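Please find one structure pasted underneath; my questions will follow.
Order of writing sets the chain letters: A, B, C and D. Residues in each chain are counted from 1.
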């Protein structure tokens, strides 16, 4: 297969570009889990635009609603003015997502990137508590604008900051070191008046670390973290950008642990269609923002509201979708466990956010390359890019899922051999 | 007129919301410079979504192209993978915008907000120079994520940061204090080994300060700033988020001064249609990014590429549009000067980014309210919200522009009386 | 006993004063381990001015040399100009301390406080490595000027900073949490590319934590720390301000572990007589200072050089003094162990830097008060001020040491009862 | 003349050493303004240990009192415990210095360096106001520990910091740029809600910039600065480390301007004898320190208290000394003006803190070298080391002052020729 794409990317696009380096093709269209290149070839999509396409490409119902909105001259850009699209989105979010879960969050529409929502969440926690220190965890990824970057563990991203990254203390995530109860350590250091960690405004945590290697925090650990935050008068922020919107099974990734975070950050798949949209959800008592304090132009992407509303109404009106995800997740897990047994490598993750930790980044890269040669797009994650991450659309057809898993298994077994 | 919008905003949207407080209506559709409420009423739009709708609402050509793209299952979200939509956008940008201006910029697609592009620009300048200090100017506004916020002058926004904002030195903008040559001062402090200002990585400047009160930097000042940056081995970053994309007349706001910035930041109207999109343009020798160093999910908003390409092709293929803008700008200036003469207040700005500085924020607010009662939407800016800012679409129909200016004049004269 | 001191302290001295609050008397003179009040009463001194009087008050040989120096118009203040007093001090330090231990340190004379020497050490490590992050440990105390304060764990001190304290990452000290190998954790986090701890310029460590509660780092832990620093291209700084100058037995506290730190910080007892003096010792290859880069007026306290030279010549010309310290330390340990057995409380520390951890700060305070009523001055340390610290002069007469220990034991047993 | 000093300095002392590089001799004794080398040669001292010997070397009355104190086993080191020496010092300071000037300051004894006192002053101002930003001025020098260094303008010193220096905004000093009223600019930027300078905790200023080039703030400027600070609820800190203790004529350098600073920092000559001692004076309402919040071992240098008390009693019991200083200052000024007239170079400074600005640092260095060859020790200051600074003891014999000025004049005229 030959890379078929215009030379303009190498000549004109910055060296910062990344995903395209491993997939040097031009995509012309896509439907659910199938990508179609300009050359006509197709790929099974186990990447889902890094989790921003949980409902696949061009869901017909969202597409229809969006076309209709545009046809009727619906407003595209509106700052945070009220629009009919926004009204409908809020109503669906509140009635279909919050109400059944007894959540009373208020919603902040930040600039439509996860990083911006994380920036807002950190600011809010700091303003609520009057403290500046935030606890983040090893292998956490929260974005690359300076405030979010301080909370991100990855050295390459951090180095790009160009200035010192302050205001964040790093502590080890659940299971980070064999035999160490990481919350015992956190609690000891945080309660010790000479522990040298300033009282935190917040803990920010992913329940499954999407970029950090598919490490999973146990429900028990999350419950203890929730309690620790409360006892320290600190806020608990769940960064559900990648693990939320059904990716791990429930709408929110923290539902199985039964905790209620003080702040939740959503992005990626919240628009349903891959359009930029981000939200910060906060318990009402913490909504201490003054008008316009965290502002910006693109707060309120109306096209995204249109598709996001359809996504909620279509997929989250009952429990059906969650059980479909569970079925698919089970299928993935079974295959990964078999691979684990065959190779001795570690299957990781939860829900439809699973993967396989290879012995090295090089091996993982070789597997990824073979997958691409076989028409399967997927990515790596983890500190050494050593973990292959399977993130098909939650809506992927079962046969295609099966097909993709087979292609993946073949590549793994070839390389492991 | 009664505010007609669902109660959901007050109950569910965060107190951070801002624009909607002064315009408590629900918009259902819009076309060029006309907003249509859910109640059927219409407004003349002199806000243009804070400058993100320079070509008006729902331009028919962009709309058509976008509908077609969606119909044909064009990819919505693609990270920074190559797509046919992106290829076309790059080609138009290079051939229609860069080439005729002899610019050889490389393009970085950051998260689709101005703030994110500013974050990337500041990082890049720091990494290129190995220095951390950045010079920003009084009344500058560059966004509210922590890196951008440090460069933003507004106290309310800064206060929201919740942590110390470092790495930026503030110097006075052109004309900040009568009788002070602000670049003489800057040069003296920066060249003095005991001046206490660390060698800068960059200067970041708006040629017209959109939020800061429509202050205009003279071409001469910009040329001296360009020379000063060069002589200090510092980069010159022009934040053209609001003043660019034709708002001040030429595509780039700095064209009249004939300077070539090292880095240019574009956002707001670059997608043409109001869809989130941001770019960092950099001289090729400064593209020191390592792959993925500044990453993110929504880098590459394909819908925005589709409309952005049409915007470039339609409006910037020749000099016609610039001369239309000049005509409209002249009309605005004439009316503002007349108001200035009548009231003694100061007309400000350049191109179609002009306004009137009132004696107080309260007076400006009263005028704004009267405009809204008369069907004209506009906003205030400046350190005390004392400057009324007229930012109609560049494409506004002449009669509607005239109508809007009359409504504005009436309100001003009533309040001034 | 009645507090007998002029009212001027309460009226005129800042509320920052501390030690005097627990010892509200006026001292008029002192000799070795005996303090004499203005009222004529005497106290046994188990405080030694927080370890700055290891050789007791007014050692006759130092006193004689100092009187002679002053009589002969020796220079008192000289910046860092050369003086005969400084020449002699350097020669003794090199020949009596460095040479027998095969150390080839270069010497920096900083402002004469431990904090200033720590500031210099941290700067140097950062300049040598080009990195800004420094690893400090739980319960460490390194001073309260901003650079040193960032490395200090104590919350009360940190809170006083008034700004964010950056550039330091805190990790748990040896034995901080039962069952956790703290260096395993440190190594894991530091080697993990997503561990979120930036590559360190240095580790700064006390071998015994004088303020932090007399916690002792094992020789094995120190050796592993030395190896870890080397493997990360980071410097190892031993803060020997309190534990050095013989306090733990050898001249340097790290001698038993056989490590060679890259930088050593000395202060407190280095002048021998209680006069302000501080040193930074550095391996020659790390002496990257440019002339005057870390400057100040009081670098070179000639009176302190005079007494410091005598201290070195008199006490450290052979192994005699170290063996005397060992004998006294043994005596202290025996008594503390007996108290530990009687009370169940934990004896802590090493050499003549030992103490007893009480169940609470209140109990420790009650014991301290009883000691003072019985003519024994001592202080508390530890995160909750719960540890009673016995720091008599190393030169204390055996009978007086025994007398002091008895008074201490009585107070402990009374309160424990 | 041959450099005569032991090789130990080059081999063993860090490259950070500075003053000795320009004066590579060993001093053996000194009396008032006369230095005596180990080789027997003598020098006239126009350096006064950078202003820490305002009363000359080994003043006989201080010497006598200190010898007596040591003879009688007075306490040398006492932390901040009460001692007879400290009591007397406080009483003299209050009765002889504060009372006649109607000042009601409280006194904080910090670590005995100017930098440490500055650190304490900045902390205090930040804690009083709850703000972190401090305004410092171009060419200001306040010390090199991190907190003080942030307020210091010198690039070489700042570069040594090794981390970002935050929390300080630099504004231009009085007369910094011809034709610019620097306080008008400061006021404009500070009052502007978009000025981008956060509300300050304090202004820190030297009335004469000792290291920065002998620039003098006018009384009018100081009074306006005092008023500006008050109106912004910010504290005014006068760093009187070099300009205080009579150096500019009155005990405090700010007396002629009749302002009352909120905080005053004293060091250098406050001990009278060149012994390390520093003070922070604060208006009582600002003494918000909690006990031990800013602590340290060497707070309370009793030897310095002994000599400092004599200095106050002897020199500041009446107005006699101030008038003697005025006479000598007049003599210096006359000679400098004559030199100015002869060379066209600018005489600078105030009181006995005057000097001559040469056209270049190289020329100043050549003059300094010739002075040293002619038995006169003096130093340079200013951003380019271009200003020769004459700082003889305030107590210098008139004939020796005259002799020194002649040697200086000869060197200047030779080099200017």
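Definition applied: a contact is a pair of C-beta atoms (placed from the backbone, for glycine too) under 8 Å apart; a residue touches a chain by one contact, two chains touch by 3 or more.
From a predicted model like this one, the values you see are computed outputs, not experimental measurements.
**Student:** How many hops, at fewest, get you from chain A to chain C via touching chains?
**Tutor:** Shortest path length, in steps: 1.
**Student:** Report the chain whose CA-based centre is farthest from the CA-based centre of chain D.
**Tutor:** A
**Student:** Using the stated contact rule, I'd like to know whether A-D or C-D comes out ahead in C-beta pair count.
**Tutor:** C-D
**Student:** What whole-Å value do you get for the distance between chain A and chain D if each is reduced to the mean of its CA atoms?
**Tutor:** One centre to the other, that is 58 Å.
**Student:** Just curious, how far off is chain D from chain B if you go by their C-alpha centres, in Å?
**Tutor:** 49
**Student:** Averaging over Cα atoms per chain, report the distance between chain C and chain D in Å.
**Tutor:** A distance of 30 Å separates the two centres.
**Student:** Touching two or more other chains, which residues of chain C qualify?
**Tutor:** Residues 132, 156, 163-164, 166-167.
**Student:** Contact residues on chain C for chain D in the complex?
**Tutor:** My answer: residues 5-6, 8-9, 12-21, 23-31, 35, 38, 47, 49-53, 57-58, 63, 66-67, 70-84, 87, 90-91, 94, 106-109, 111-116, 119-120, 122-127, 132, 143-148, 150, 156-157, 159-164, 166-167, 201, 267-268, 273-276, 280, 282, 287-298, 301, 303.
**Student:** Would you mind writing out the residues of chain A in touch with chain D in their complex?
**Tutor:** Listed in rising order, the residues of chain A that touch chain D are 163-164.
**Student:** Enumerate the contact residues on chain D facing chain B in the complex.
**Tutor:** Its residues touching chain B are 132, 136-141, 152-156, 158, 164-170, 172, 176-177, 179-180, 184-185, 188-189, 192-199, 211-213, 382-384.
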